[in-house]
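What follows is a group of structures, each given as structure tokens.
Across the two complexes that follow, subunit A remains constant while its partner is subunit B and subsequently subunit C.
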Partner chain A sequence: MDRGQLHKGQLTSWQMFWLLTIGTTSTVVFVSPSDAYQILGYGGWQLILTSFIISILATLLAVKLGRRFGGSTYVGCSRQALGPTLGFIASGLLASWYTFAAAADSFLLARAMKVSLLIETPLEAIFAVGVLSVIYAVWIGVERFAMFAEVSLLVLIPLIVFLVTSPLKWVEVGNLAPVFTFPIRAYRSPGFWLAAFMLRVHAFLYMLYPSFVNQRKAATISLGAIALAGAFFAVTFAYPVMIFGMPVAKILLWPFWATIRVTRFSGFPVEKLLYFATVAWQVMGTISTSLLVYCASVCLAEMFHLKDYRVSLIMLIPVIIILTVAPRSYTDFHSYWVRAYYLLGWIATIIVPAITLLVAVVSGRRGNSGA
Partner chain B sequence: MVRRAAMHSRAAMHRPGVRLLVLCSLVFLLLVTLSGCWDVAEIDHRAFITSVGVDMAGDDKVEVIARSPIPRSVAGGGTMGGGGGGGPTFVLYSAKGSTVAQAMGALGEVTDKSIDLGHLREIIIGEELARRGVGQILDDIFRTSLADATAIILVSKGKARDLMGISPPVEVFPVAYVERYLHKDGLDVATSARVEVWNAYSMAWTPSRELFLPRIIGFRGKPPKGGQGGGGGDGGGQGGAKTPQSPKSQDRLVISGFGIFRDNKLVGWLERNDATAFVWTMGLGKGGYVVVDISDKVPGKKATIMMTYVRVAKRVRKEGDNYRISLAFKVTGNLQGTEGTHLVVKGRRGHEIHKLIKERTEKKIELMVKSMIHKLQRDLKTDAVSFGELVRRAYPREWSAKAWDDIFPGVKVDVKVSASITELNVLH
Partner chain C sequence: MIILSTPVFISPGGRGRRAGRVLRTELVAGAVLMGIPGGLRNKLSRGSSRGRPPGQTGKRAMQNASMSGKHQGPPQLPEKLTGDLDKDLQMIKSTLGRSDDIIIRVVNIAGRKDARVAVISVDGMTDRAAMDRDILESLMYRARDDKIANVPKKDIPKAVMDYILQLSEVMELESVGDIFGDILAGNAALIFDGYPKAVSVNLKGWQQRSVQQPISEPAVRGPRDGFVENIRTNTALIRRRINDPNLIIRSLKVGSRNPTHIAIVYIDGIADSNIVSMIEEKIKTLKVDQLFGSGSLEELLAKGSVSLFPKALATERPDRVAGGLMQGQVAIVIDNSPFVLVVPAVLATFFQASDDYYNRSPIATYIRIIRLIGWTLGLFLPGSYVALSAVNPDVIPLGMAIAISASREGIPYPAFVEVLIMDIAMELLAEASTRLPTYIGASATVVGGLIIGTAAAQARIISNIMIIVVAATAIGIFVTPNYELALAWRISKFLVTFLAAIFGLYGLSAAFIFLLLLLVAQDSFGVPYLAPFGPFKPTDFIRDVFTRAPWWSIISRRPRTFLAQTEEVQARNRPGAAGVPEAAGKGEG
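Here is the complex of A and B:
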């Protein structure tokens, strides 16, 4: 197979850093703080810390696999390490996770848009526009939409700084107390470990590793992205508690989103911060969903030996649409979809790749140009 | 075949004309779907609700009275006397339901326009309904994404319905009056504070806090004898050309004092000095006036101090099984008047009077705060000052919402005030 045609784009370290960061923070930020409050309450920061450590280990695993198999994608690694059949299954799991994650992101984005801005527009219409944007972004290739992500920082960074600093006047730091609570019982619950799959930087690496211009810096760049994403998660965890208090933060659907709802600028051209937030999130969400769909398309294209990932993209889109519209309510989404997303994430992006590396090490298999 | 199709599509995509077509199609689709004009929801087909009053209607229903501005009344005339061009500036709708959400939905039945809550800025809860509980109302309003979470929420003395038609003559729309009343950052209002929907929701559903809401009282303008004056006496802000003869001849809305709740039910009011002490203790404001009696040193004299800075540090500690709260106030004030007693003209005399005023101010503030806390502990039996939150933070393992209801009335509170009288204005 001609890998060069599949991976036309080469990503600079700077582009990769931002793609990984945006891909991690864009939409899961809606869900993860709620899990932290509900599972650990005031000690929710421990979930962020745990997910931070897990993500670092998983990232090192992804980099190790990439290096061992000469800069291949995960499809190539698993095929060489596990053999064609098991490798196909392992890659299939990863492609399924990308697809599922893209559907979950689309679901959240469309709902956020409807709730905050386009209240009377049917969800399907909002979703259709989102899908078209994602198709276009993926179609033009990772290199191009990485440039878009790079340029969008000019809008995103000031907006995010603005979003985080604006509700400061409502902040009551004491609401975070008691910080040092260690609900050990929570550590034994499956919910805690499921939710610890929060920072998904490593998951992108499996397919984007060959696109790095400088693959030696892959680990450093990824760890940087994890650090920034982790810091952002910490902010999204702490902010709603400092403003609403823990009892209310626990029952908010999207806690960080709710903090934006309470800020208003009298006489400002756009009075409600919500409009700014929506723009920022739509840009970030489009980038992250495009990244997930791109990874899924490339993964499937490699699995089926297609020369162009756009063919698998075309086949993938109906699946993503069906998965996105399948949950009939937010309760369905939160009860089943999010848990399935976590569970599949653990299996496809951590457990199976770890087994793959283990088998490769034990059997001494490595790629042609592996280090 | 699939590969050939893919290669063909890639080649086609790279043609500039095709890419332009794709881009144009995308832009067109964005225009159609994201312009916000779905189902012909034109601006003149909407009733923008700016204020909502909620009252009990019978034993188990609520009534919602909604105020919607009439834009043409602004376009057609000036802003005097509560009405542009002499006509009403707003219209009132009302509907009933088992819950606020249902009653709000039923508003659509009484108008040809679509009800739009995007500009909701004020919610007034009637006294009777507040005494029965506001938890459900807050939930109904905060939950809906259509309503603005930063809308002001108030509790009325009497029925909210009686306030909805009152239009103070200085503003075209009554909601603007309330907004500006609570938005000003002056030092003259220390008996009320702005509470927004999200604020109230947080207080209502945090077990270590109790809800409080600013109180609003309305006065309908009484036309003076002989039919002269009276601006905006009728609902909707009628007529503005007549000169008011007295404050009572015009519509008035006064926001002063607080409605205090226990378990989300109104149990009483804090007024005047108690309300001011509450504002200071909760860090809601810094203004207000303190008048101290210095007649024992300067016969027949009083000193008035305008507070310009108030800060309070709160601490909780345990003494045996009991909690003890310390409130340390640091205040700064300007001397506004001493009825002709000049302070520091020369020598010790002025210095002594200055010191006396400072000490009396400290004592007065201490008494005001203690009186307010006494009222909360003994009369209203509700922790509106959120001492429970202090205890929860300091002793999280011991704190229990249920037990706190019994503990709060017996909590010892120490108040210490340190005052500085910094400005004397233009007289010694």
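Here is the complex of A and C:
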């Protein structure tokens, strides 16, 4: 494909790489470090490593399914491998996870903005602005909002570099020392395994695989995205520990976000780093939520044989709004929603697709043009 | 419609006085027939055939028309000429000849009684001197010395074309619609007795503005010539800069009632053929009565989409068009418009000015960065002021917050209203200074900007800091080299301010996201509007977006943004390349 022109529903390797990376890292900054600290304390690095490995395996699974079924989305793969009824259920699970994840992302972003910047503004109002941009982004098509992700890199990369380097003066590398001496014992905890569903690159692949212009590079690009997202995950884990120390970091609501909130530049017109972080996370949040909503819309459209995913988008939006405004506090959200998000993620994006592939291999089923 | 009519009279004039009469006809005030192309013929045929009864004077006709309150529709138009000059003239007088500026001159060729010809033209649109010298004098006198005196009557038209009319553009026309269209376009038509075709002679020669410095795009170091209202002058200005045999100028007409000439200009082998075809196809399918300049064409070509942002670069500068053509863009030249459209146009194009390419690379880059800062200030400064002073004052240093607060002390309304009042006042001033004559416009700006602003601040209607914000915003927006894009930013600024007023810094980011999404959704003839940011083309981005790379780098490869068929250009010109001395390309661009 000529990179100079847009082709409906098609994404270049570069666009795909950034979509997957941003779609994966946007919520990591809020959720992941605190989960890692709370489950394992200094041993949280084991969670990062495990998530990284699980994500790689799941990504290879998604690529394998895509190749086997000739570049169909997961809806097509599951229908062909499991039959219409089971396929419909498997796709429905995936669509549910996308919807749930989109609501979770929206909630987190709106909540973070409320806590950091707009204490007196109703959460619903903040959320409404985000929803409007997400609806528009999904409406204009995946190739357009992929371009949005591509263009926003011009803002995101300098901002993220700025965010990561600004608090360097407070970093105490010595605070990290216990991390490396922590024994490997995490595997005994069920919570650990649940939280190991962190890097969700594979989940996007199920619906975006056919959009790859160069499908041969799908695995390479996805693994690259996992590497970058994993590295960012590691930074979000290490930074708060280095700045605040583990005892403090462990009790912080959003540890990495907290490092940004306390960073100031005395004498500059905009003194707080928080403002720049707001722009960065808002852009990233819009991209990741749009990606999730797009995947959910396409999944539902294919399940119900709709001609245009925009029809399912219209039906989906009220559901996401209800889900987003449902948790009344962050405690509610973290206690139940995050766990539900992980659990559904495991089932819908790893276990069921693995069964799908297994059934396809055993029964010898493959797509029309599947290699 | 009021129909005024005057009796047919004889007008003495120049050499024509010796040989014939100038027939002047009626004037249809308020609805002068502007043009009758071939396509309109049928429409005219379907129109009312109620002409003025023979022998009725114009005055009577006027009275009748006024009394009845009905408009006399266009008369029936035949397909072809009859070959009988009297009948043909009668038909012409009753249709085209109703306008007062139509000149019909009937003469005898070489003094032969059996060889009559009518010369029809539009007063003011043909070159009168050339008409007298090359047509009338040739037909009436010079033909006597030629072979024409003894030619049989039926062969006279061919002999006239072959021996008498020593002009470059002569052609035969058969259809009455074409003949009329030709006459109204400024040509002279010769209608012979006994010959059912007309001979058209290009004698266009009306008054026009000379080539002058472009008003909307001045350049300090660039050339001083700008486009004018004549399509041929404009294509010649382009051709003068590109002496490439592959420079194609393809002519089209748009408008069924009043056809406007359009020229699609591109370099074959460089411009993307799909884009050329797309433009041609879109223009051909336009169904309009007439075209109101380049702006209407731009909007019509982007039919179906409503956008704040310009999709075609409208420029008065031939050098800019030539540069675009060499990059693979396509130019659309429109008759009667001094603006040429260059497509596809991307956002980055509108931030570039001609001077960027006449200055040295570091200077051009510096100026572009200044423009970028200006754009950022213009778009986000009022919103930032509102967000930081009213919603998120905790983000700014305490000293600054106190300064803003002190400045706003005694101001009776919130920062957002303050910004809104000043922004609207600024818009009024900008519009006034654009519309008013230069000398009054300057006074209005001074009065509005300085006197009213200062007085408002002293009266505590607005804060002092607000004057700084508004002034910086206005200057920032006006730094954008393209007027249409500046207008788009001026409107967008209100969205940014509005969201900032409600959501503070979060609103600013949201506005940024909305604007970016709006821009991402645009394209210009299939080329994404944000190229080369997205789809990201690193080489183009580095060479000619925020920075302007040295000329030796720019000319080594065409940008990919405009989908040029070939990227290879003059690679051998690069310093250090085989056969090129190191000094080459280091001189002035």
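We adopt the following convention: the second predicted complex is superposed on the first by the 355 of 371 C-alpha atoms of A that agree within 3 Å, B and C clash if a C-alpha of one lies under 4 Å from a C-alpha of the other, contacts with A are read in each partner's own complex, and residues count from 1 in each chain.
Here is the rule we use: a residue touches a chain if its C-beta (ideal position, glycine included) is under 8 Å from a C-beta of that chain, and two chains touch if they have at least 3 such contacts.
All values derive from a computational prediction rather than experimental measurement.
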Contacts of A:S133 with subunit B and subunit C, given as first, second, both or neither: both
Partner chain in contact with A:A195 - subunit B first, subunit C second, else both or neither: neither
First, second, both or neither for A:F244, with subunit B first and subunit C second: first
Touched partner set for A:T121, first subunit B, second subunit C, both or neither: both
Touching partner for A:V262 - first (subunit B), second (subunit C), both, neither: first
First, second, both or neither for A:E150, with subunit B first and subunit C second: second
Which superposed partner A:W14 touches (first subunit B, second subunit C, both, neither): second
Subunit B versus subunit C as contact partner of A:T181, first or second or both or neither: first
Subunit A positions touched by subunit B in one structure and by subunit C in the second: 117-118, 121, 125-126, 129, 132-133, 136, 266, 272
Residue numbers on subunit A that touch subunit C, as the complex places them: 2-6, 12, 14-15, 113, 117-118, 121, 125-126, 129-130, 132-133, 136-137, 140, 144-145, 147-148, 150-155, 266-272, 274-275, 278-279, 282-283, 286
Partner subunit B, residues of subunit A touching it in the complex: 42, 115-122, 125-126, 128-129, 132-133, 136, 139, 174, 177-178, 181, 243-245, 247-248, 251, 258, 261-264, 266, 272, 306-308, 310-311
Residues on subunit B engaged by subunit A in the complex (per definition of touch): 2-3, 5-7, 9-10, 13, 22, 26, 29-30, 33-34, 36, 38-39, 41, 145-146, 148-150, 183, 196, 198, 201-202, 205-207, 209, 389, 393, 396
Touching residues (chain side subunit C, partner subunit A) in the complex: 388, 391-392, 394-397, 400, 499, 502-510, 512-514, 516-517, 519-521, 523, 526-528, 530-531, 533-537, 560-563
